[in-house]
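Shared chain: chain A. Partners: chain B in the first complex, chain C in the second.
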Partner chain A sequence: MKISKEKFGQAFDALVADYKVIAPVSDGSGIAFTEVKSFSDVKQDYLNSKLPPKAFFFPQHEKLMSYKKEGKDVTVKSELKVENTILFGIRPCDAKGMLLLDKVFKNDQYTDPYYYERREKAVIIGLGCTKIAPTCFCSSFEISPAGSEGSDLFLIDLGDSYEVEVVTEKGKALADRLALAELTADEQALVDKIKSAETPSKIDVSNTTSKLDKMFNSPYWDTLQEKCLGCNVCSFSCPTCHCFDISEEVRKNEGTRVRTWDACMAPLFTLHGSGHNPRDNKKTRWRQRLMHKFNYFVHNNGSMSCVGCGRCIKSCPVNMDIRQVVDGANKAELVVE
Partner chain B sequence: MNNIINDIRDKARQLLAEGKVDVVIGYEKGSLPLKATPFFAHSPAEVDSLIWDETCENNLATYVAKTPGKKAIVAKGCDSRALAVLLQENQLVRDDLYIIGVSCTGVIDQRKIVAEVGEILEAGINDGKISVKGMAGDKEYLFAELKDATCQTCRYPNPVLEDVHLGETIAVSQEAPAFADVIALEEQSAGERQDYFKEQMSKCIRCYACRNACPLCYCQECFVDCNSPRWLTGGVNRAENLFFQAGRVLHLAGRCVDCGACTRACPQGVDIRALNRKMTKDVYTMYNHEAGISEDGKPALNEYTTNDPEQFLVKE
Partner chain C sequence: MQQNPYLPITMKLVKNLVETEDRLINTFTLEFMNKQDEENFKYMPGQFAELSAYGHGEAPFGIATSPTEPGILKFSVAKVGCVSNALHLMEEGTMVGVRGPMGNYYPIEQFKGKNVVIIGGGFAFTTLRSLAKYMLDDKHRGDYGDITVIYGARNPGLLLYKEELAEWENNPNINLVTTIDRPAEGWTKHVGFIPSITEQIAPSSVDTYAVVCGPPAMIKFTLPVLEKLNFPPERIYTSLEMRMKCGLGICGRCNIGTEYVCKDGPVFSMAQLKELPNEY
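Right after this comes the complex of A and B.
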């Protein structure tokens, strides 16, 4: 099915009345996901945003609750605010990233209300990639640059119109508000062509997890970390990184409990109250980073927690390229212990 | 350029083979077009990866104190100035350090290219011309058009401190620094400046790439990581971002060597250098001091001399 961009724009503008609508806009130094009021504000020709859209469900700095003590009375207030939200223009890598975050924040042991209530109230309108950046490598993880996995409603840009795929019930509810038409044979052929594309850059991850099982004490980590500056760019720009820190911001008799993004490269990461840190150097932090994404997450959740968006590659100040890091692990000699 | 690369490799090979150093810190070709990446050569067999060109944008001095053993470093002017400050501040042992000096004509500002031709697919550097194939088009640039803002005002392209110099040296103007960029900002109204920094600070995501790329941000515990007392929350907002950035600049007063590593490291394109440059100008005006221009001497705020202009003091 398809819809002309003009009609889609009108429907989009009508949705703004019922939903908080987040879409890609140009902010002068790149693309950012921001709340928009009109389809005319949306940047339609873009590769991907500088930062992943995870912050709409898992903010960088979030008040969980506030509390106040007056005499002997203590009042505690939840700070959770949830709105019906549409995320428009989410790329397939980021849509897959959200499915991976879901595994962390809602599983058989724990449901995180802050993440999940926002996630439940959000509809993802994915947009297939028709241009592929040199840093993109999503095809390594069985993600298609024009695949609909993780989206509720999925669009492919056909020039003057969008091909529309209804993926979930949530997506269907939105699609009911769109005047859809049938694709012509030529358009179908174009859709098929776009859908069959792969990223030119791919890494081989077929044996990475089992290789890493045997690499905890590998000398590979000794040299791997040398040029890393230990900043948080890779984690903050990653659609699947989800480590956080919880702290109290207290002033006199009142305060808030906040949750803030943490990063495995940060000096405070896993620092114990005693002052001991089991990962007090870049070597152990880098091992944690790679193991978490390509080994622990696989064992715990059944898939790798990298989606090949390439943001960490593009943003790294010293050009640490995760593709080379994985490749290096694949090729590293195993030491007999 | 090829000759100098061979010279660097030969020197690195010799130093490693003779056991004079354990590691040579330099650059190798990166994984992306027009990107070099820091490289640590531990054995003579590895030195053929070393390169030197206009893409070598990182300040390698940031690695020296953290790298154990005896080390050689490929140092351009700004790297050597950072080393000089680190030596002045007793952060390095001079005998453990071998400085391979190279003169630098400046590094490429990739953002200018990406803004015009999109993500870079392929690029080549030939005779001062940079030809780029981008996702949104192809273009040929003269190097001068792409020179990083820092390098455009650089007064120390030649190392101030070195054990060997490879390649030619570059003629340098002896005129006092002009600080035209700082003056332009100073001439704006307070409101205009406030708007500018509001915009800049709202982009910061507090990833600390600037701090970690900086060769002179070496505090064991940065004030932003200190939780007793807690100077800053993890809140990412303009006020706290400015507090961090301004705090960092003040810590660098009289120490910043204006290498621009912080601004180039920033994934968000924050104009961090605008603050640093203002501080550099103030230190120059008030103390007649430029950071790290020799191994001797002390940072401006560690020294009192009666020759300081110090217009803010009461006349004796």
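Right after this comes the complex of A and C.
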């Protein structure tokens, strides 16, 4: 099915009345997912945003609760206001990233209400990639640049119109508000061509997990980390990184408990009160980063926690490239212990 | 939907007791404010909770009471950081926050019908105290064979729960061995490090589980002794500490390989630890 961009824009503008609508906007230095009021504000021709859209479910900084102390007493308050939200223009890598974060924020024992209440009230409108950046390598993880996995409604740009795929019930509810028409044979051929595309850059991860099973004590980690500055930009720009800190913001007798993005690359991340630190050097922290994404997460959740968006490659100040890092692990000689 | 696991319940600090002579460890007794909170807080020996000192932060501590002691929770906490310092200075009657219970617990079901040797060093005796207290309870004592506790500290003043230890000395249901590192005036019991005292006492490993908690050096030298006594790694348990924030297996900092100490631990058998990377 398809819809002309003009009609889609009208429907989009009508949705703004019922939903908080988030879409890619050019902010002068790149693309940022931002609340918009009109389809005319939406940047339609873009590779991907600088930061992943995870912040709409897992903000960089958020209040978990607040409290007030009076003498020896305390009153604790927690309120979570969640609006119905549409995220428009989510790329397939980021949509898959959200599915991976879902597994983290709801594990075998606990559900994170802050994440899940936002997640449940959000509809994801995915937008297939017709242009691919040199840093893109999603095809390494069985993600297609024009694949609809993780989206509720999925669009492919056909020039004057969008091809529309309804993926979930949530997506169907939105599609009911769109005047959809059939694709012509030529358009269908174009859709098929876009859908069959792969990222030119791909890494072989077929044996990476089992290789890493045997690499905890490998000398590979000794040299790998040498040029890393430990700046954390890879984690903050990653659609699947989820580590956070919980801290206290206090003014006189009132306080707020907040959580803030944190990263396993930060030296204090694992520092005990006693002074002991199990990951007290960059080598162990880099090993954790790679192991977590390509080994531990696979054992715990059944898939790798990298979606090949390439943001960490683009933003790294010293040009560390996760593709080369994985490739290096694939090729590293095993040390007999 | 389950309750928000980030929100603490409020409990009252009814006693703030200086536990050790060096004044670095206090035992906090917290009282539940209502029946509902207490019922929701069903815990087992070995579990921990996150304590909030409002205005300062939150940190995880092992629960020192046993579920057989209703109405209260106790925590014995060393003064090392922001939260523990604030708790140490807190006036009795102050409200604190508690999240939990968290983590797994000592496998008391597996221990049934077996002997249990509890080996503790220094202030890592808190959840071991919970375990011993639980097994000693009239309702449970019959489920277990011999209970031996080997507990040591640098000097007599650093032993936790001195009154209770005195009680256990005369309790036929438990075999208590206490030791200090160097001779001290007035001390008539064992003198020597935990590993050598364990070797001397030589508890039989037949039908016996061992639970070991203490400083890393103590554990390092006690394990070979247990091995010599033929304890297989499947029957040696320990409880680990890690820096934690959420306590829910989400914030990502307490993992050892695939395991999050907060939700998959803190209790692990030596057999399990042998399978995990040495990063703790």
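Please note the rule applied: the second predicted complex is superposed on the first by the 333 of 337 C-alpha atoms of A that agree within 3 Å, B and C clash if a C-alpha of one lies under 4 Å from a C-alpha of the other, contacts with A are read in each partner's own complex, and residues count from 1 in each chain.
Criterion: contacts are C-beta pairs under 8 Å (C-beta built on N, C-alpha and C of every residue); 3 or more make two chains touch, one makes a residue touch a chain.
Please read all numbers here as calculations on a predicted model, not as lab measurements.
Visitor: Which partner does A:Gly230 reach: the first (chain B), the second (chain C), both, or neither?
Guide: first
Visitor: Applying the touch criterion given at the start, work out whether A:Pro134 contacts chain B, chain C, both or neither, answering first, second, both or neither.
Guide: Once the two structures are laid over each other on A, A:Pro134 reaches chain B alone.
Visitor: Give one of first, second, both or neither to describe whether A:Thr284 is in contact with chain B, with chain C, with both, or with none.
Guide: After superposition on chain A, A:Thr284 lies in contact with chain C alone.
Visitor: May I ask you to decide whether A:Val258 touches chain B, chain C, both, or neither, giving the answer as first, second, both or neither?
Guide: Only chain B is touched by A:Val258; chain C is not.
Visitor: If you stack the two complexes on chain A, which partner ends up touching A:Phe269: first (chain B), second (chain C), both, or neither?
Guide: Touch partner of A:Phe269: chain C, not chain B.
Visitor: In the superposed arrangement, which partner chain does A:Asp245 touch: chain B (first), chain C (second), both, or neither?
Guide: In the superposed model, A:Asp245 contacts both chain B and chain C.
Visitor: Could you tell me if A:Pro317 is touching chain B, chain C, both of them or neither one (first, second, both, neither)?
Guide: After superposing on A, A:Pro317 lies in contact with chain B but is clear of chain C.
Visitor: Of the partners chain B and chain C, which touch A:Val104 in the superposed model: first, second, both, neither?
Guide: second
Visitor: I'd like to know which partner A:Gly9 touches here: chain B for first, chain C for second, both or neither.
Guide: neither
Visitor: Both chain B and chain C contact which residues of chain A?
Guide: Comparing the two interfaces on chain A, one with chain B and one with chain C, the shared residues are 245, 247.
Visitor: Which positions of chain C touch chain A when the two form their complex?
Guide: Touching chain A: residues 1-2, 4-8, 10, 52, 54-59, 78, 80-81, 84, 91, 93-95, 97, 216, 241-243, 245-246, 248-258, 263, 277, 279-280 of chain C.
Visitor: Show me the residue ranges of chain B that touch chain A in the complex, using the header's touch definition.
Guide: My answer: residues 30-33, 35-40, 42, 58, 62-63, 67, 118-121, 135, 203, 205-209, 211-213, 221-222, 225, 227, 233-236, 261, 264-265, 267-269.
Visitor: Give every residue of chain A touching chain B within the complex, in rising order.
Guide: Going through chain A, the ones touching chain B are 27, 29-30, 47, 50-51, 60-61, 131, 133-135, 223, 226-227, 229-233, 236-237, 245, 247, 249, 258, 260-261, 263, 266-268, 313-315, 317-321, 323-324.
Visitor: Touching residues of chain A toward chain C in the complex: what are they?
Guide: Touch list, chain A to chain C: 64-65, 67, 69, 72-74, 76, 78, 104-105, 107-114, 216, 242-248, 250, 253, 255, 257, 259, 262, 264, 269-274, 276, 278-279, 284, 288, 291-292, 295-296, 299-300.
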